[in-house]
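Letters A, B, C and D name the chains as they come in the text, with residue numbers starting at 1 for each one.
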């Protein structure tokens, strides 16, 4: 495979981990430039600006791992520069911003953007999706999802909890089902201050309901679970820890405390797949449309949390480019 | 312990199982009379009518296991006859019927009625309640409950699914938390015909939310699960099957197909405890008020399924007798 | 069922628990006398001596729960008195003592003795045996058994670890397989002082090998496991704890710390079944021969630990009475 | 990292999988030549002979994945050519052959050989080893290992089952414990024909005993388990499958049917680590001495199976090079 020269914008925890993964596990990838407004010295030549990095002819493809609110502008710049880009989730914090990326791609008549919904590459989620698609579970009626962090880091207010954390489920559920979200309701048992946890209910076009818990101060660790319930049976993600101990009256397995370790396989497979697809011209993973649709759902969720009502999720008609 | 002579009204599956359990596992119990409108020949002398059985001076206590709609009248008759009674859940199908039992007890100035909410005696639920009470999980925020049958038997319409099946969770959740339900919403992904599964959301006075799935045609077996989520951690019921097999590429445990086997321990402990409390004069288990409160919540759930709105749950003030 | 009046010899931990179980869970049973050389005041009339209790015409059946070395004499006394007896395991510490009980029964021409191998009534072991008998696992080749205590109590030397603890597996393995032991080897990684843990290898007549670990100072809790491996698959006991917690980075289930709680169901079912069979004239559970055969195997195990060799297990021909 | 040009000898299942892993997941690796006596056409230029490949100055390092009996000669050739080599396990079928590789390295005064004991890179085994080293389990007394294949492929006689399959445990056990094997006994419940399964007992220098089951016709799938038992607790490998299903009365997880999939992570990490260490000059993984010691133990095991006795394991003094 031809080498792909990659520029990385944002070298915080996520960006640094992507650089490490690209370097150690993705043969065709070479990270040749980075840009970060505050961090330097990761051993890779820094660019003068994100824009300079994106436009540099020595950069074949871009990874965006800067703060959420910068994603859309950077993604649009990549589209305009004709550069394939892996943009960390969420595509944007607002639906309008996300839409601009879709519009840019439609205008360009070509897809450049892949969204970092890494769960689509997680072996457990992939197996769950296959079990659904194979009909092993019958006709799906319900999904139950749980998404917990030991303590909040990035999601620190009611809005970012939806747009930054729950946005994973807002992509995962329709992707698992091959379906689309049509409505969302977000509630919380906590009515004062930071409304964490949140309990969302989702509806899909084909009539599936999903219950989604997001809790970013769950105390005990990082935990992602999902059960899909059909008319013949159910499928559930199981924890992947491969060691149990029996000590002091307890038979247990450790719960990981961060998502990077939990989804290490997913990130590695995601990056490998993305680099391969970039080498072949078109990213095959979650599209700008997927990122936009998840953000539309997230904003409807934010609205629901405030209004106390079920809100419809309507990203509008899907452009030809994404069919 | 002095022998307790028990009359059983209704000898269908549940009643017959109670007779078997009382006979084989509850030393102080002797089933001396039964009444059933259709079944005979269980080897125990039949009474002429339920009323005759209840009023017979040779009967010390009564078990009601007849159809749901008959429970309230029979329970009232027991109260009026001054007989301790274990009434299978639900106490009634309507809130008005259930209220009549409460009113009868209040008028009598004494408790006679215990409701057959057997989960309160299940070792798993008891351990979960203890973990909550001990503060091991921190402050509770959420409960997730699942309640599935392989195929529907008794719950065959939208109403009976709530009043007959979900009524278990409507008692379990407040009992686990030492709290009271204040609102309920019931929805279903199925919008035509029999609305099964149902997904309920519950709210409690102290600000806990619960998601409850009831699915009486889940296909694969009988399954009851519950997770309680607090600020320090979560506690979950685990299946009790004590054999796993590795055969033909699958490492698995059998799922029971009926609730009688699943809750055999709970029924045995419930009956043993009830007989003991009867010998001591006052039933110590779930009261007529608990049965009434669960039915009030169930009817609010039925109303919610029809209205599409969250409905408040208001059983009114708790009489002195039940404090 | 007619009432069975039971005398209990030995009211230590095991005897007291049997009295509790008989009183609370076995309707036909009434404990009418007890005898213990040191303990009194369990609220049941004490007999003057074990012999007086056994011979009292007001005692229909006897439970022996006194120290191991007294079992054989007391069992012989029961046989001579024509009284059904449930004798706690082991039947005896030496093969000669155990044989005297068999000889007494053969002389009487009738079975009176049941051995307290309660695992035969444990739902997990029963399900495992059924899976073998049903052919679900194919032809059995191997058994792996683990038997651990948090810390040693009764088994405190090399001999009692075999005759008192491992004797369970020496009965369980042939019972599971419907087979007989023919040889045993016992070794220990600990070569000085108390040789705990012990690792035994068993051979059966039909060519199955079993590895058995007994460790009475395992530190973390009480643990009994068993896997049976056949040509089609394997079956394993699974822990029965019905609550898991996720707290402080660990997802775990509690391990019980004593065998009485672990096997509470088994003891209850054992006692219920024994009382029922006593009422019908003949004990249906593990026989004096089973107790003798297990003790013969245990003594061969003790010899092996000392000799360093595999020792044959030969209880001699099975009398007609036990076929 | 500088590119490492790799020649692969043997492109059967294992060799082909290594090529795939090196190509897709190890950035610094480039497979530039292959040799196989029968297979061609894997899209990589074929060498004229294994020797030519090894001696080619365009080959920086060699992977040996040809039949077991060829390993030693090829490894010696690599040592003589001064080429780092990853040699699939076992290093040899006989102790003499394995010793020749050690002698060649000692003569060269430098280590070139790494043995493909991939379990040392498996996350589960690594975590288990860490739990032991951390003292979490107390002082280790026992190890129980299980190693099953659905049906035999490469191990098709009594000898190859030990030298080809059990050789994994003969390396794993001392590696986990930081200890050395001193004796082995191998027995089988099958006394006629192919003696499968085999039950081995191992002893280590520091006084740990291990029970090891190897069964290459276990029917249901590929299964590797290991429990380490200490004076404070035990640690166990757990299956890594991340999906469970509840269908048709069974709650289960799939068991993989081949070791390549089961140990995919281990192989990837092994190859990545090896390529990195090759770039730095010295292989850091299991050495020729480890491969030789495991083969010495395996041959003692073969002898034991024939003799019926415990056989000592004595590889002789460890050369300075391997301390």
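In the analysis below, contacts are C-beta pairs under 8 Å (C-beta built on N, C-alpha and C of every residue); 3 or more make two chains touch, one makes a residue touch a chain.
Labels paired with UniProt names: A, B, C, D = Myo-inositol 2-dehydrogenase/D-chiro-inositol 1-dehydrogenase.
Because the structure is a prediction, the values reported are computed rather than measured.
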Intersection of contact partners for chain C and chain D = A, B
Have a look at A-D versus A-C and report the one with more C-beta pairs in contact.
-> A-D
From the C-alpha centre of chain A to that of chain D, how far is it in Å?
-> 38
Could you grab the centroid distance between chain A and chain C? Build each centroid from C-alpha atoms only and quote it in angstrom.
-> 57
Of all the residues in chain B, which ones touch at least 2 other chains?
-> 219-220, 232-234, 239, 246-248, 253
Any idea which chain A residues touch chain B in the complex?
-> 138, 141-142, 144, 146, 187-191, 197, 199, 201, 203, 207-209, 211, 213, 215, 217-220, 229-234
Any idea which chain D residues touch chain A in the complex?
-> 23-27, 29, 122-124, 127-128, 131, 136-137, 232-248, 253, 265, 268, 272
Hey, which residues of chain C end up touching chain A in the complex?
-> 150, 219-221, 223, 239, 246-255, 257
